[in-house]
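As structure tokens, here come the structures.
Next, two complexes with chain A in common: one pairs it with chain B, the other with chain C.
Now for the complex of A and B:
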């Protein structure tokens, strides 16, 4: 075969392979670039900044300080409290939101009267502005004239300092966040429930399984993927609680409601310390990573899936 | 601090006025003298050194196409430019006053476009910080006199003394001028000021049978802190005895986010620093309490946590422990007639006039401690140090601060003027008790503690004040706060 023909065929083959291989990466390239710029670059910048010092006036980097920013925040009681509170928010949010969302999803899946309205109401809370929701809950929690204390007074219980008590305030923020965010895991569970084949329920009924046994042995195992997603989403949501803290308590009283997100915000925007704020953000990211890895491991299926 | 640019030309001004010399010629003359004295008398930063001599500029004053007020810089460019101005959002009728002024400015200088960015008041300083960090800040930004030290140390603001006539600078209330200056430079033209006064609902006091606070024009003739607390306690007890459980003796603060810890500068620091004494021995805790921070502005321990400061905060705490004031933010309590007393500035009182509330009200000085104390925090437009149009930006500031624009603004917004001639020009300040009291408070006001890190200090102390209001021990809380603030100020060393 003449060399020219061989070369031409080779070239055509390469072009064909390229035509086969290129469209895929080309199509995902915009998403990769966007993710790189808006997700991963800030992350890298935060990590880098956590080892730098900054000019407090114009926030330009002035040098490398090793672990000094980490030393600074670890020795700050405010950070320690914010760290503990972050974990507390995650635990409370997961403990309250996941069972509640599952309960609501199962209820709505029954298509009982009023289901459409209930679904709309729950999703509306999810869609509502966080700031507006916080302002509404601020009125509900008002020590005098707020609805919650009015209810307590009506049943003869003492007035509660919901947002100003050392012990109540974190729970009050968490309660608002549960109300606001329960819609997301509920929708995830609802989608998971609707994907479970009805035949399995019919088979369970034929085998004489009651509602609880059906739920435990059919519904729950088949909802495992949804559960993992819901846990992951709610962990991130709980770690990032910010607006209610800013609006309802500004981290008080005595730092009782501050978390790592709010602590980092204050360091950067109120105390002109971007290096320490970045170190705090890195700690927050580590918390999310460790917890989600643990969740994934704990919620893995029998085959490790 | 001595005034950096103002020559002692008050008598010269008088002579000039008597001899019938026209204002422009007089200003040009004094400006030329001032510029000479100024340039000999003190070092100027780089940006200021690049500014043209004021004398030359003043000679050109007559060529300005518009009344640029106290502006003494060169004639403005004829090239098309855009000046960016970041300021707080005002209600629409106040915004309209400024927009009208821009139109007038643009009519005279059609090549200069003014582009505004309005941001919520509480976000101004954060936004400025972000803009400055980005290297692309607006040419003019609404700053605050509390932060002047930081604007100077961070090279954020352009020194403006070379762009303003000395007559204009002399006209600013002394304490305002001092607050707007740092290390011999004048950085921001005080715009309006807020002196906290005590407004009271006469009807509530009458209903409870408790005497109203003294309606005086002397800041030293009001209630003491102890008298104030005792009166509020009596008022509360009598109201509750009458079955009134909704009216509070003191309405919730409406500064910032509202409630306790809303704004240390203008509300809570008054309780603390009024326990100090500027005339006490410099090593005494009374003097240090008054200062609020060390002379170099970098240490709060020994200044914020003195016995006098603890006493001031303990007084403040009683407002909440005795249930004289609500422990959280409650909007519009005073205006709604369910708060007997409200602490606020003149502009809110002016709005009360406009709203015609369904009750009689009056005004009294803020309760005094060892001294009568008021803090003169003022908004002040600053010119970004790296603006490509320093003269035009300074001219815009001067124009917005000219007599006509300022009087129109004060009359619409109701706030307290910061220039002596404007106070004299508004008749109410001479014949109405509320305005006379406000003028007296303005004249005797003091600046916020002078610290390059006042932003950190302010942000650190506000939540502590709230925690004290909610029952925290004032002494330990102030000590912790002082230590925390020392740590925050370390980065400025």
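Now for the complex of A and C:
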């Protein structure tokens, strides 16, 4: 009898433990499944496909080819250019958006008259459709009737071939992306700024720090977590620039504006080469991973923060 | 070291006036405490001295120099904030060194001063720690160290002890007072805690609704409160107030409920006037022969003294006895106030009208 009681109690205990442990995983299961199907599965498929060959007519896999897809794209000057351009987009976008976003955030944080409107306008650019924005900028960049050349002409400067010049075109696409995406890091910085206690600024003022030294010694170090997030988000955004390229230049002139995202797209949908396209996508992923790891390491804080 | 003069200072946000014509003088080397209920303007006044709030009208002078338009960093003032405002990304040594760095003091001099002050405040072992690795009391000391290391003209403290637990608060109170005696610094200290004010201050400035109600030494405020507000605010437990009339003929105060209480000295012009009778709990004594009958409601013995809440006619009064009282709740005791230590206030203006002098008090000690 006592044994029976003990086992039943034991079983009850086990059941109770299960009842305690199960609901957690059960509740996150739908999210895990959705993420698995829509996020991780395509990623895994891309990596797997980068080692396969495909029938160019019906896109069905025809066998394993090892690193042949990688060999193929590495020897393609188009890939090399797209790779260099991807890095160029990242460098230009980070160099332009991060300081600009920080400047705008500090300005908006002063709560000057009109800052609500300004914030709304900046976020509106972020919320606007990429395709629509690209079409608007296409008009602005138009060599004949475009506003930018009209402005240049009005002030007596030479007109520019914004979207067809070898050097100008990449910068033109980057400029549009800066305009469109600067709101995201700005919002991150604004949230970070508003989380800094006011007394720290008052303490710094009494400690004898002027505006620049306060920014340098108090604001900037305390924005470090926001900076890491902003760098991370902007690196991904810059790597994935696609719609403006497709709409404004189609990668031209001569691949001058093509990046890995656009190059992969063309391999898959124009040249019907899913294997090589997957290899190119994997390269793009590696770029993001390497750069973000480097950023995290460079922006690491002292142990106190 | 410096003198701070506050001369008819006003502050308004648009049409809302939160401080009107406040004047006060903080002597060189004096420990002055601004005290009052929340929203009385004490913190605002402190922040005006620091330069963190603008002054709408009037003048603030430090050592005779008008500082209304002088930037905080040029006032040579250090402040200890309520939540310490330590820089979270700097360790203790860097927090303390920051102001010296901003003033371009040479590195060896900075190190020497930081080490010296850390020694005074018992922080020597914590110099490499970050604020989040410190306890509340340690953070408090770092905040003080950051102020002391600069050797400023004036120290400002904004409710520095309110985030500490009761025991630590008593300890830090003594520590700050000792530090002040050692450094002979001019200190302006804000608190809403009248016990903190009484125990630490050389001079207390009691504020209410953006006005100074009374300024003076702690015992002066206790013995000679200018009005019912100061009388009720200073002293714990708080003074009992009874409304009624002065009857000089019988030498009694007749309360609304018909109680007849002995009068303190008051000039004859007040005969028959409506007044408020104030008696501190500790100025009641047991008086078996002539005392008034009072029914005890609550008896709180603390060992050293006994706090009794008692019903006296229609009024409930607090009495504090230095002796142990045998009475239990519901029993009747006979008590009478010490006439010379009671106060009379004008019922209309709440200003004190009775004449109290410290000689009278001394006689009864």
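Following the convention adopted for this analysis, the second predicted complex is superposed on the first by the 302 of 305 C-alpha atoms of A that agree within 3 Å, B and C clash if a C-alpha of one lies under 4 Å from a C-alpha of the other, contacts with A are read in each partner's own complex, and residues count from 1 in each chain.
Basically, contacts are C-beta pairs under 8 Å (C-beta built on N, C-alpha and C of every residue); 3 or more make two chains touch, one makes a residue touch a chain.
Because the structure is predicted, anything quoted here is derived from the model rather than measured.
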Inset, instruction - Once the two structures are overlaid on chain A, check if chain B and chain C clash or fit side by side. - result: fit
Legend entry - Which of chain B and chain C A:218 touches, first, second, both or neither: second
Inset, instruction - Could you look at A:206 and tell me whether it touches chain B, chain C, both or neither (first, second, both, neither)? - result: second
Inset, instruction - Taking the C-alpha centre of chain A as the vertex, compute the angle to the C-alpha centres of chain B and chain C, in steps of 10 degrees. - result: 150
Inset, instruction - Figure out whether A:57 sits in contact with chain B (first) or chain C (second), or with both, or with neither. - result: first
Inset, instruction - Applying the touch criterion given at the start, work out whether A:197 contacts chain B, chain C, both or neither, answering first, second, both or neither. - result: second
Inset, instruction - Minimum C-alpha distance between chain B and chain C after superposition, to be given in whole Å. - result: 53
Inset, instruction - Pick out the shared contact residues on chain A: the ones touching chain B in one complex and chain C in the other. - result: none
Inset, instruction - In the complex, go through chain A and note every residue touching chain B. - result: 55-60, 78, 138, 142-145, 161, 163-164, 247, 250-255, 266, 269-273
Inset, instruction - Would you tell me which residues of chain C are touching chain A in their complex? - result: 50-52, 71-73, 75, 77-79, 81, 83, 85-91, 98-99, 102-103, 130-133, 146, 150
Inset, instruction - Quick one: which bits of chain A touch chain C in the complex? Just the residue numbers, please. - result: 197, 199-200, 202-210, 213, 217-218, 221-222, 224, 301-305
Legend entry - chain A contact footprint on chain B (complex, rising order): 126, 129, 132-133, 135, 150, 153-156, 246, 257, 261, 326-330, 453, 455-456, 459-460, 462-463, 466-467, 470, 472, 484, 488, 491-492
